[in-house]
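Both complexes below contain chain A, partnered by chain B and then by chain C.
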Partner chain A sequence: MTQVTFTQADGSQVSVEANNGEHLMKLALDNGVEGITGACGGSCMCATCHVTVDSVTGELAGPGEMEAEILDMEVDEPQETSRLCCQVFVSSDIDSINVTVQEG
Partner chain B sequence: MTGIVIIGAGHAGVNVAASLRKQDADLAITILSAEDQIPYHRPPLSKKAVFDEALPIELLQANGYYEKANIDLRLSTPVTSIDTAGQTVTLEDGTQLPYAQLVIATGTTLRAMPAPGGELAQGVYTYADIQYLGPRIQAANKIAVIGGGFIGCEVAAGALKMGKQVSLLITGPRALRKAVAPILGETVTKLHRENGMDVRTGCRVQEITPQGVSTDQGFVEADVVITGIGADANMQLAQDAGLHTQHGILVNEFGHTSAAHVYAVGDVAEFPYGFGDNKTTLRLESIQNATDQGAIVAANIVAERQQQEAKAYTPTPWFWSDQGDLKLQMAGLGSLDAEHKVLPGNTETTLTVVHLQDGEMIAVDTLNVPGNHLAGRKLLEMKKPITWAMIEDCDFDLKKLFKQLR
Partner chain C sequence: MNQDAYADLTSHDTFTKGFPAATFKRLRDEDPCAWIEETDGGKGFWAITRYEDIKELNRKPHIFSSAKGIRLEEQSEEEYLARRTFQETDPPEHTRQRMILHRAFSHKMIAKYEDLVRELACDVCDTALQGNQVDVVKEIARKLPMRMLGRVLGTPDEDGEWLVDKGDELIANSDPEFTDHVIDQVDTDEYRLMPFRSPAGKDIYDYAKKQMVERLHTKMDDVLSLLLEPNKDGDVLSELEFKNFFALAVAAGNDTTRYSLAMSMYHLSNQPELINQLKGKADDDPIWDTAVEEFIRYAAPTLHFRRTALEDYKLHGKTIKAGDKVVLWFTSGNFDERQFETPENINITRSPNQHMAFGQGGPHACLGMWLARLEVKVTLQELLRRVDTMEQAAPEKYLRSNFIRGIKSLVVRFDKAA
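Take a look at the complex of A and B:
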């Protein structure tokens, strides 16, 4: 189990326990996190699932080629910690992860 | 004031509802769905779900969302008629629901296979389809897929990846004939063949039997026959109500149909596209269209209610298709009549094709080059003229060109 916390645009937080293999976009949708649309269903096509990673306890793999390209091109102001959360998977290597939902 | 009624709970209908709710917490919103499933994503059906024993379903919104958002989602509740004068819709049991604004988001239906025995061929279109087809694909050895469009190619490639013996039967000269630049369609056809798919082009289906498909190129044995020969707009309701239709329900750039207070959106809507001599009307079957048009229609409903100005829908279309290990991505609206130029630097399994019309870039098709797809999409979204000379000057680097022009 991994503790995942989303900080929404208004500053409020949604915290959930997640199972291995789940991605954060699905978690966000399942738990009604504001600002995550996930239009492409996690196909790494739409960038409507942009978050910044504030902190991780454990090991999180970096973005793949496709995701990096989207972040570079699609997101207006990508930050060092930007991720498309449909590509961020919960695993036993991660105890907890905190992310902030970003626009577009 | 009465509320909003939405017919159809696909990507478009649900997105209109969710966008409306974001803008107005109190608006009464009802979605009437013919299907019995909580609304779900369709793209994974033909790419993953039908091949997975667990038949996973990916919901558009979490199960509890509709209740929490106070959206009255009624499943298994098809609408049988619309009365635009009385502003009501009628349900199967005769119930009439009044609306202040109506949204028709009824999508498309897979075209039935016209050949004898056509009813033996199964489509992959709804979750109910994959519930039926999934176990049959698992059990099958030989699979025939009729139709070389995106869904046909996806299902054929997925079944091949499972280790099935797959025949793909296409009437045209190559896969994806109408949808992408010819060279990309040819490349995809070749790659599927190299992977061991029996792709038969120029092939006419004569009859489907429990043993397989008889064609003008001989009999193709198959345990399961799958069809993907295109889809038609679900516009009977609209036609019966006297709305203007052509290939879809005709709407203006704001999503208004020919009837007051009635909008159409998503796969079923035929909207104006392009400028000047290239102005036309078209219907798009894509997530981009359902999502973006949905957001515009929601905004315009709010605008109508508050007597504000409506926003026009001027999309840069995009689409993707995963076929086994091939990732196709299309940006813009390509044309077979356009000039097609290939960017240099491709491998056996990568390709970037630029569509040029009157010397200007109108679309970019890519195979396994996500960076170029995105750069192309961004360039097209700028709505500035992009010529081949400009691309050449940037060493054929679309990303560099985008960053220069941005």
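Take a look at the complex of A and C:
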């Protein structure tokens, strides 16, 4: 199990325990995280699940080529830690991950 | 809604009687991975009708390929190679072209069109709402996307009507109202290498070539010019890729938004409380976004896309064999009670609303989804600014197609806003 914490725009947090293989967009939608709409359903085709990664305990692979390109096209000023959370999968390599919901 | 629980999903005629909701419900409940025989010589297909199953298969393009056709029609290799668009490819080939096109259809890029959509929507609504009764599909839903597409692509306004007629001939190739070459009624073999096996395909190819040559000669500030530019890796679309994309844009860019708008107006005309909920709301009120998602969920104009299994796959105790056609009925997924509470009802505040009208979740999620959402939202806003009431005045007519679902005629009586 991995502890995933979303910080919403108003500063409040939603914390959930997640199973391996789940992506953060699904977790956000299932748990009513504000600001994550996932308009493309997790196809890596929009940035309505844009987050910044605040901290990770464990190993998280960086964004793939397509994800980086979409971030570049869809987000005004993507940050170093910007991710599309439909592309961030929970795995046994990650004990916990904290992200902040961003405009997308 | 068509209440026949045993409707023939392969027949275009089935869909002229309305959406076969009872048949899809029976399949979802009793046989969610059903083998359906085809009566027109096709070899049959697996019908996938539950939301979760469609989602699962849609995100496995390495097993369920788009590269052997995306409609029920059986294609020869020759036809496939001549007519394929990026819709008929799999990653990574698909990704290359998709990302070239995405530059022009990103959320950020499309948001810049809001003022233009509003200007066109005002004009279309003012023209359509002059009396007190109008066919809102013909005069609003069909007009707006056509004019907008022309502006986005960069084709002259005066060509709009011609292009939408050609687009209808292509995608509504099974409805005699839109084409003389009805695909299941006359011999279309001569046109087998043209988009949608239609003679209109050649006209569109020729038109696209002309647009391409003009822009290669003089760059213009439009989407077609943008698409002809090399991407950051120096990659460019080939002439055939460009022509097939143009044909796809003219066909798919017109009618699906039309039928989403048509379905929205059908509900507004039959449920006055919806007008009360929306009328007077500020243009940036979040209810517009949830309402548009809900109308599009219900409209789900693309009934299905087909895939072809590349390996054996087990689902609900059945074995889908390598080579079998597998049909993802996205429309059925949008009415799956396992995913949506009271899916047969319109709830314009439904949230979350992870519908699959745009094929969300797979690599082929609709390129034009942001444009479609924007057009539906702004048109409904401008319509409801101008009317106080809407009431359906004659039975609606449905498109004859087992591929695209839509109301092609909807006569509405209205009271203009004071």
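Just so it is clear, the second predicted complex is superposed on the first by the 104 of 104 C-alpha atoms of A that agree within 3 Å, B and C clash if a C-alpha of one lies under 4 Å from a C-alpha of the other, contacts with A are read in each partner's own complex, and residues count from 1 in each chain.
One rule holds for everything that comes next: contacts are C-beta pairs under 8 Å (C-beta built on N, C-alpha and C of every residue); 3 or more make two chains touch, one makes a residue touch a chain.
From a predicted model like this one, the values you see are computed outputs, not experimental measurements.
Superimposing the complexes on chain A yields a three-chain arrangement in which chain B and chain C clash.
Of the two partner chains, neither chain B nor chain C is touched by A:Val14.
Judged by the touch definition given at the top, the superposed model places A:Val56 against neither chain B nor chain C.
Of the two partner chains, both chain B and chain C are touched by A:Met73.
Of the two partner chains placed by superposition, only chain B is touched by A:Asn31; chain C is not. Legend: residue contacts after superposition of the two complexes on their common chain; A:Met45 is shown touching both chain B and chain C. Common to the chain B and chain C interfaces on chain A are residues 29, 32, 37, 39-43, 45-46, 66, 69-70, 73-74.
Remark: chain B residues 41, 43-44, 58-59, 61-65, 68, 287-288, 291, 318, 320, 322, 329, 370-371, 374-375, 377-378, 399, 402 touch chain A in the complex. Contact residues of chain A toward chain B in the complex are 26, 29-32, 37, 39-46, 65-66, 69-70, 72-74.
By the touch rule above, chain C contacts chain A in their complex via residues 55, 59, 95, 99, 102-103, 106-109, 352, 354, 356, 358-363, 365, 369-370. Those residues of chain A lying in contact with chain C across their complex are 29, 32, 37-43, 45-48, 66, 69-70, 73-76, 104.
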